[in-house]
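The same subunit A turns up in both complexes below, where it pairs with subunit B and then with subunit C.
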Partner chain A sequence: MSDGASRFEEFPVDAVHVGLTLFVLAVLFLYSPLFVQPPGGTFTVLEVVVLFLLYAMILVGLNLQFGHAGLVNFGPVAFFAVGGYTAAMLTANDPFRAVGLGYPWPVGLLAAILVAAALGVLLGISTLRLRDDFLAIVTLAVAEIIHGLLETQSDITGGSLGLNNVPRPIAGTTSAGDGAVLVSTIIVFGALAVLFYGVFRRLSASPYGRVLRAIRADEQVTETLGKRVFRYKLAVFVYGAAVAGLAGALLVFYNGAASAGFFTINVTVIVWIGMLIGGAGSDRGVLGGLAIIMGFQLFTRFLNDQIPFVTQDQFASLRLVLVGLLLMVIIKYRPEGIWGNADELGVDS
Partner chain B sequence: MTLLAVEDVRRSFGSLVAVDGVSFGIEAGEIVGMIGPNGAGKTTTFNCISSVIDSDAGTVRFDGADVTGVPPYALARRGMVRTFQQTRELETVTVADNMLLAAPEHPGERAWHAVGRTSASAQREAAARERAMELLEVFDIAGMVEEYAGNLSGGQRKLLELARSLMLDPKLLLLDEPFAGVNPSLTNEIVGHIEALNDEGMTLLIIEHELETLTDLVDRLIVLADGEVLATGPPADIMENEEVVDAYLGG
Partner chain C sequence: MEIPLAQEVIFGLVIGSYIALGAIGFTLVYGLVNMINFAHGEFITIGAFVGYLAVAEVGLPLPVAVFVALGGTAVVGWGIARITFEPMNDAGAVPLLLMSIGLGLVLRNGIRVIAGPDRRSIRTDVATYRFDDLGFFVTSQQLFIIGLTLASVLVLHLFLSRTMLGIAMRATADNEDLALVSGIDTRRVRNAVWLAASGLAGVAGVMLGTAQAASPTVGFGQLLLIITAAILGGAGSPYGAVAGSYILGIAVTVSVPFLQRLEETLALNLELTALNSTMAFVILIVVLLVRPGGLVSAEVRTS
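And now, the complex of A and B:
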């Protein structure tokens, strides 16, 4: 059988196995004296790759929430931020005017996941019974409130200066300079991104995912067919929150610092646009969409250097205009996204 | 044995009293029709029984237990399954997945089994698929199995919804206007299916707006008017009940 059945067939290569293998190899690599020194001009690109891998982790959760279950979560950055700051505050040693408890980084990592998940539970229980558009507004508002708190509660978070002296576990494994650290980071984050993609892919490609897609289509019918709709919605909300929290912790451990500037609404916008361009509900497609949008931003950054008489600020605005145009074109002419399935999303194309 | 006992169920929407103290019982093995003019409270009664909406007062007993306020998913698992007046198959889901979704007690619907790809999940999936195909064959829509439900004709949707509800092996099937908007030959087909299910021991409660199809099919009719039970009895008696005739002609 074709379409529906193939969803349940095994891929020739299973992303969970690949991710686990890569992760073991990555750890071995870190503890070995080996390192890879990238060419000098590639740092900008590699830094975008690091961000791409972290955003990809947020996106696999978001795609399960929106692409499969239809939950409009406009605040994924809230969980990313809470994870990042939890990790930073627990592990920082003597940050300037902020909370820094100096625990070892694994404590920070675990706490980041737990606190982000807890926020997910709290928010989920209070808002998932709301209609879609209300959920969107509440999640958006919560993300903005959290961002505001990070900037204003400077005795705790370091305010606009941020939190410094956060441990950098990956940087600690090599003394070969920033370039080698970047490559090591990409290897570890890449393995984790593949692993989470694999886990969420297994969720979406199983009868579990079928229930989620049924919820997206018609909650009430799904409930009358014996499914505990609210529990599923809460679960996918919390799974996504936990992974975003982990990604936030990874970011601050990579940077050795946390700053409100890492956790702005731009994160939410980029992962959403990536998902819509790639095709919500297409597990691989959304990552392709994210690659397209982040590649586009990177490309235009280089372009900026080539164009005289346009300041960086002006160019940043222009870039947003172009991203907006791209999104409009997609929604008008291919509402299911590049790799999305129009029948499943219920759109006419 | 009384399978379903509804006692003094009430439900208002603002100042509109939709269901005003409805009481009736359904014996195991019966086919009962619920009729009444538009606005009599048939669908609201259905919604209250199946917990799709909360009732303001009254109790519902099903299969020997008080199930008032028990959430819809739990009722479905206990064997009380309903359909909706407007066919509500999941349009963005294939016919196969519509059917498989309804398979009860599927371990693969739990995250741990899904991520772990357990054999329990695979076995249940295979069994559910077999059962789904059987039912689709019976209802003559097996050829559409990989089609998205949104691409089915109106009649096929009615059949799919009926077939899907059978995946749950219901003890009591509540059908809300199964013949609405269905052509006469398909009506006969659905009547045939209902009779076959009843012969196998299933109990059915059917809402219908029009009397003609029901009178031949059901053992007993319950007539609702203005949110109250006006009369109940065998179709032949009901048809001669003047109150009922008045309610229909006057309403």
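And now, the complex of A and C:
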């Protein structure tokens, strides 16, 4: 396993340091009177960039779980949702017909991470001994249960209306309008995304990551070598859950509201397809894959206005047909993805 | 309004019936092709539309439409599987599962592009038989659905136990390598499995088309119930899947008044009854945690 070392060499700048530096600069920028006003037509694109950065945080965790350790987690959106709603319910001021405790936002942020991680521990302990495909079903079912609870328990979560009056810490630092808020949000979320990328990359490039790949290749051999397979699996499951929970909290603090519509199975589908296109296990590749799939969605959104004879509903369905076809083609003809390593993943291409 | 238990059981038997035909196909594919087919719901949808076209456009009587849907869906499902799953048969469980998710997206949304999101009900004449003394009623439609399922299960049982192909199928499910060295053409067996699984899904689709309506998501909506029933019965076991489906169908309907009473007792408004289908997922997780092998103890854990 010398490629871990060579991967480090081809990456002279450590993403953790870059991420931390960027984050400090971003916070300084937030509290300075400076702001950037983007041109008016770019808002749609910038909003997709915000989502991309949040999904990227979920994806670095998921890639550690599936790409490196081989855990088929089909429910990353569950942790995203739990983080988001925890943050929203703790911090919302007098939301319409839902729980809103009105605590300051850092409490909500911290609680979101802890609650998502706790769900990760609970779910991990109970299900990580299941076979790959059954783990997929259980995690998918848990995500659906949580989505069902969010929609039906309207006295607590606001049901289909969701929660509003959630604090917007980043919007509060500038009074220069929505465009400046978008740019500030992108700078802060971008710094955090780079930071998490760096942390998870350090994990996967270290001996720790080698154990994870050994687990993916053969669990029994790894166990025989004295590694506690279950603990490793549980740890990466919880890391991914915590980061997804944080991403959920960031989303509600950005929107100033939480709604079940933000946390549908589509999040899971997009993140998974991004990972498979880019190449599971390739830390940078998966982010490239995510950029491709989200870029495709953005591009086709503009395209819809250009084609007159297709209804909006048909167009949305056609888009999903294309996403599905893309997934099938990738799985069949290039199972290691665009930037993945076929030998390492143990797939034939 | 208080609904008598007997009535709930009849509703449960109806739900259990169309889950059963879906779950048998799902579990046969799981046992013989070693894959979890997330596109199985779409085969049901195809059956619902074939049934609708046969009744509403061609004007065939419902029993004939059932056979048309059986044959049509069997051939379509087999053809799709030949193109998508068969070439990558040795790729392993997870790639096949991902492939089926992609296929499901393509079929579900492809049908939506062509047919639109509307719900199209297969209209039939319904007679209602009341048993007021015993406090329940049953419609000819419900009797048709339950009877059709029982007939299908009987035919399947005869096929699996009395024909060479059925016996070869059971042997392959038990141990593919041993079956292969005993001279069983496992490729032919897999073809038969896809035909049987899609055909049964087609029949389930016609039932859903009459009981509910044919729509692009009608099959997908049943998928997690089908998976739950198959796992409850022991993944890979067709008889277990039938038992699991009826247990699940009755559990889901009988739990509604139970949950209502629980809510009244606790004097809380938790809207538990809105969680009706969520209950199925809870059952699924509990089964996988407590008795992952289901009723027949299939193996679902790693090593």
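What we mean here is this: the second predicted complex is superposed on the first by the 340 of 349 C-alpha atoms of A that agree within 3 Å, B and C clash if a C-alpha of one lies under 4 Å from a C-alpha of the other, contacts with A are read in each partner's own complex, and residues count from 1 in each chain.
Note that in this section a residue touches a chain if its C-beta (ideal position, glycine included) is under 8 Å from a C-beta of that chain, and two chains touch if they have at least 3 such contacts.
Predicted model only: the values in this text are computed from it and were never measured.
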Which superposed partner A:220 touches (first subunit B, second subunit C, both, neither): both
Which superposed partner A:136 touches (first subunit B, second subunit C, both, neither): second
Which superposed partner A:332 touches (first subunit B, second subunit C, both, neither): second
Contacts on subunit A seen with subunit B and repeated with subunit C across the two complexes: 220
Interface residues, subunit B side, partner subunit A - complex: 50, 52, 71-73, 75-77, 81-82, 84, 88-94, 96-97, 100-104, 106, 108-111, 113-115, 117, 121, 124-125, 145-146, 148, 150-151, 164-165, 168
Complex contacts: residues of subunit C adjacent to subunit A: 35-36, 84, 87-88, 91, 93-95, 97-99, 101-106, 108-110, 112-113, 116-117, 224, 227, 231, 269-271, 274-275, 277-278, 281-282, 284-285, 288-289, 292, 300-303
Residues of subunit A touching subunit B in the complex: 1-5, 8, 16, 199, 202-203, 206-211, 213-214, 216-218, 220-229, 235, 239, 343-346
Contact set on subunit A toward subunit C in their complex: 72, 126-127, 129-134, 136-138, 140-142, 144-145, 148-149, 152-155, 219-220, 269, 272, 276, 313-314, 317-318, 320-321, 323-328, 331-332, 335, 347-348
